[in-house]
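There are two complexes below, and they share chain A, which is joined by chain B in the first and by chain C in the second.
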Partner chain A sequence: MTTQPTPMLQIEDLKVHLPLEEGVLKALDGVTLTLNHGQTLGLVGESGCGKSMTAQSIMRIAPRFAQMQGRINFHRASGQTLDLASLDPQGDTIRSIRGGEISMIFQEPMTSFSPLYTIGNQIIEAIRLHRTKDPKESTAIAEDMLARVGIPDASATLNKYPQQLSGGMRQRAMIAMALSCRPALLIADEPTTALDVTVQAQVLKLMRGVQAEFGMSILYITHDLGVIARMVSEVAVMYLGRIVEQSTVDDLFYAPRHPYTQALLKSIPRMGKKAKHRLESIQGSVPVPINTPTGCGFVSRCPVAIHGLCDRVNPPLVPVDNGHSVRCFLYPEVVAAAQQEGAVQHVS
Partner chain B sequence: MGKYILKRLLYVLIVLGLVSLVVFYIINLPPGSWVENYANELEATGSPADRSELDFLTTRYGLDQPLHVQYFRWIVPLLTSGDFGYSFEWRQPVWSLIADRLLLTIIVSLISLVFVYAVAIPIALYSATHQYSAGDYFFSFIGIIGLATPNFLLALLFMIIMLRVFGVSPGGLFSPEYLTAPWSPARVWDLLIHLPVPVIVVGTSGTASVIRILRSQLLDEFQKQYVITARAKGLSERWLILKYPFRMALNPIISNIGTLLPGIISGSTIVAIVLGLPMTGPLLLRSIIAQDTYVAAGILMMLSVVTVIGVMLSDILLAWLDPRIRFEKSN
Partner chain C sequence: MSHDDIILQVRNLRKYYPIEQGFTRRRVGQVKAVDDVSFNLHRGEVLGLVGESGCGKTTLGRCILRAIEPTSGEVHLTTRSGSMVNLLQLNKKDLRALRREMNMVFQDPFSSLSPRMTVLEIIGEPLRAQGVAAAEVESRVKDMAERVGLNPGHLNRYPNAFSGGQRQRIVIARALATGPTFIVADEPVSALDVSIQAQILNLLQDLQEEFNLSYVFIAHDLSVVEHIADRVAVMYIGRIVELSTTEDLYLNPRHPYTEALLSSVPKPDPRLVEDPMILTGEIANPANPPSGCYFHPRCKYAQDICRQVRPELKEVTPGHSSACHFAAELELKGVPSE
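Let's look at the complex of A and B:
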């Protein structure tokens, strides 16, 4: 932490709209996010808030009919900066980055590999695309990676089919595949959600281990705040296609600013709390972001919404404290920023 | 795998044994026999029947015996010496009567099968990768018309086109001069230029259904996580689709051979009648009407053999292609 952090990925005002029959679904509605070299950034939020869409947009593997606006600036190791959002999603440039410089681990270890090919075939395929065409060398790399992620008898596993491995082993193989091309950025989209708790703990430990070893940046997507506390240094909270709060992990847990984050933290089950108490939950459910009105996305569920303001104007994401940004009109800095932009009239 | 194939072969033998029973029973369901009908017919016209010949046939095939005795008198020589029996109507051994037609039926059916896949697979791939595009709608439209048009109508249409546009004699699998000629390169060529019409007519509905099955299979597979994982590796889209979702979507298509083949063989009967093709269909129909028992039984048995072996081959192919089935079978 002695050197000045340098950004690796800068997402600016990213909008992804899906034109559906019912209307336009605003999956991402202006996401702004910065990920530094070597950093682990957590992205939390409920199902459907746009976490996975953010990941898919970076990889450019979002559905083909999705309309994309904004910038995703990726600073490559070569020093070149590339706007991933402007690339042809099937072009050579993004394909050389995808799986190579940026790779991804998915939520479903059970279905992430094709059952028709061996694990080795599917891992070596990625290595041949990005690292070496040499068959012997690529096999050796795959075997080495499988051994590093803690798969016993790695060379035998290469010749096994996915259905011969347990869920935990498959997720390890998935991690091995994602790391096999030494990515600068690893996107982990709920990698432990489908695993049982003991396996989850092993995989989390493994991921921390490989990060220490390889030193890549990680974008860790989850809805599990417990995992966030163990895995990341910085957190961004997403709601309805927007980042509503971003801070260090300690700040977020001890001094949450946004009403949504506060509600989210209250609804975590805690040990020692009396069983008599009902678990708190957030009122209502996440609205479907089709034809959303202007204003803050959380207004319909917010206990402290300011009538006449929150339902009219979408608050900007503004730093309110050292390294702590929030998108909520409860904070004077946010109101001031909105006034400066001219979005809000001066009120007493 | 060897054990699996042996097991399948055993099933084939059992199925064929049962088929032979059912076939023989059903053919003999109508009252009377060919010999009786023939004798009655001759008596009605006033000319005396050759009693000695009729008696010979009756005793040779045990037509006066109960059905199970007749069955064994048919099946035993068939199994021991490949003797399919005797056609009452044509006055010649059944095998010499059906051999050529059977060969042509198998040729037309197999070429139709190849035609079905050769046309359907590229169209389905295009339609699935260009879902809701103008081309997709166009092929869906053509496909539905192909499914809905009766084969005989298509056959008539093609006969007109072939005659008017290409000047090829419509109908049949050979030009008149080659009809009874021995096999020669010229005869094979004559067969080849006559094949497109029956193949297209017989294959159209199969093509349409394979396009629909494969297209929806592919669209289903495109959504699967393993496809997204593969895309996230940086594979090219074309290679990705062929290696992952297409390979997966082929499974139901391959197992579909088993249902497509009998469909083509039986579907070709009407077409063969309309186009006047020297295939087994028309002969089968006539032999059933005339109660020419051994011709009907022989054709049905041979078609069953072809179908059952076709299904077995498609199953073995499937097991060979899909590791999941392989493991299931070996366990």
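Let's look at the complex of A and C:
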């Protein structure tokens, strides 16, 4: 709809470190990410890569002892720009944003709803905090939202407890709650991972429908490349607390640049391929990000690592093509950028 | 030496769970978790068992091994000596002796390994249970560990020292320690990340070739099943609704439920614009299943007969069975092969 994409969320060099007994766990190690108005950005990666920590940092619901550095600039509808990273995680400002302007759908709807309150109770609470204090109006909004996400008999569902609904219906109620305050930004953290495929197809269709209707920006977090292909326009790939590649969804699947992305795409079994071929697997496993050495995070598993460079210097994330950025020294643009920064002196 | 090709024969297997109510535990109904399931498994074959949660695939896998006692039916296993034995009629002692020929790989490598046992003890446990001498156990465990890609120098560590993929290798080594011919693998890769999943799938395939194993491979992920299975059985509310060779099932599904399942899987290709076929509703309550064909409330092809008469699993084309009244007439859409 918009002609010129305007940024809604700009994350700059975000670092989240968790001091543990064994050492410092670098959950996020310099994440830079831009999400434009009305855009659906996918964040994909394996477990432990930091995708959920990114979401939690934006919402400021990361663990209390996490040490946070960097900026999360959120451009509000009022024109004001706010650095979410600088806010007090329990202050009034973030509380007015959380669940209002930015809301979140969690993976497991059974654990994210309270079993002690009815669905209606929990949705209406959010509406009364952010939209209207009027009990009648807020009930009407909640009922309307439930009906819109395809829950039959919405007014009866308001009085049900989460455990009385099936998994698919619970996730619909979760989406209704997240949308009830008309968020400008919706963070969906693996919203369909716990669902069966036929129900997943229903919920994915619903998510696309609500975005078309409400026009909000979505940060879509998932490990499932099939879901990414169906749901988003732009993708960022995470590995070990960093974004290693960002591009349009078409470019990512048809012209992946980073060795990790390339290997990941080859390692998934695809339907319609002749059965019984060997999958190309990535050797080793994701290292634990405690006391990580300098250099590229993927170096220990990379088939094309450049000895003496990749294991010493962490490559910067640099655009190599129109709208396609990558963090890998295989590309001369990346080497040039590192030289400019002074991280690399001379490369043969 | 009859049936020398068939290693496992399942006939009319049923597992009904009673629903009890009140202080006197009055029986008010039953859940037919597995309802009249029959199939054959050939030597060296992988049979994929797919379906959504609650369809009874795990219960079926466990009933075959008698990890759960089935309500009725027959499970014939061809033993090493070549004779066919009905596992359900064996007494405890005979069953225990046969346990060396069959085993199970579980889904979650975090809860299926005891945190208080070293890897050596874990992999050696089935050997000790079979009465293998202690001196021999260690060498056989080392051998097994090497074959599944574990460092034999790490055998004195506890499971918590290993990553998810490594733990699944331990689970597989334990299952293969006694040299079984038949394995039930219950969602062996669904708890793993994609890059690790590929390693474990390759390992399972290599081991199958090396030891000529037969697998019943239970999974909900249709792309994984297509990759590994020779034949596929689709389950819906306790019953097999379609059974065929993998290629034919994915190319020409003969049951509307299979068609919908195949269509629902998000394909990792952004240029595919086809809209998935969306099923309405969710799986029916197995304690109170619909009349006639269990799938009819969600089926867009349903006719009157589907509401009244339950279709039997019948062969539609050679080697391809479907439990649908219109299996022969319907033109269903599969996944075209590339």
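By definition in this document, the second predicted complex is superposed on the first by the 346 of 348 C-alpha atoms of A that agree within 3 Å, B and C clash if a C-alpha of one lies under 4 Å from a C-alpha of the other, contacts with A are read in each partner's own complex, and residues count from 1 in each chain.
Operating definition for what follows: a contact is a pair of C-beta atoms (placed from the backbone, for glycine too) under 8 Å apart; a residue touches a chain by one contact, two chains touch by 3 or more.
Keep in mind that this is a model prediction, so the values were computed, not measured.
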{"item": "Combined model on chain A: chain C and chain B, fit or clash", "value": "fit"}
{"item": "Which superposed partner A:Glu280 touches (first chain B, second chain C, both, neither)", "value": "second"}
{"item": "Contacts of A:Glu125 with chain B and chain C, given as first, second, both or neither", "value": "first"}
{"item": "Chain B versus chain C as contact partner of A:Lys136, first or second or both or neither", "value": "neither"}
{"item": "First (chain B), second (chain C), both or neither touched by A:His307", "value": "neither"}
{"item": "Centroid geometry (CA): angle chain B/chain A/chain C, rounded to a multiple of 10 degrees", "value": "70"}
{"item": "Comparing the two partners chain B and chain C, which touches a greater set of residues in chain A", "value": "C"}
{"item": "Lowest inter-chain C-alpha distance for chain C and chain B in the superposed arrangement, angstrom", "value": "7"}
{"item": "Interface residues of chain A shared between complexes with chain B and chain C", "value": "none"}
{"item": "Contacting residues of chain C [partner chain A, same complex]", "value": "52-53, 163-166, 193-199, 201-202, 205, 220, 222-224, 226-230, 246-247, 250, 260-272, 276-279, 282-283, 335-338"}
{"item": "For the chain B and chain A complex, residues of the former touching the latter", "value": "224-226, 228-237, 243-244, 247-248, 321-324, 327"}
{"item": "Residues of chain A defined as touching chain B within the complex", "value": "59, 61, 90, 94-100, 103-104, 106, 108, 111-117, 122, 125-126, 129-130, 161, 163-164, 174, 177"}
{"item": "Residues of chain A defined as touching chain C within the complex", "value": "46-47, 166-169, 196-202, 204-205, 223-230, 249-250, 253-254, 263-265, 267-283, 285-286"}
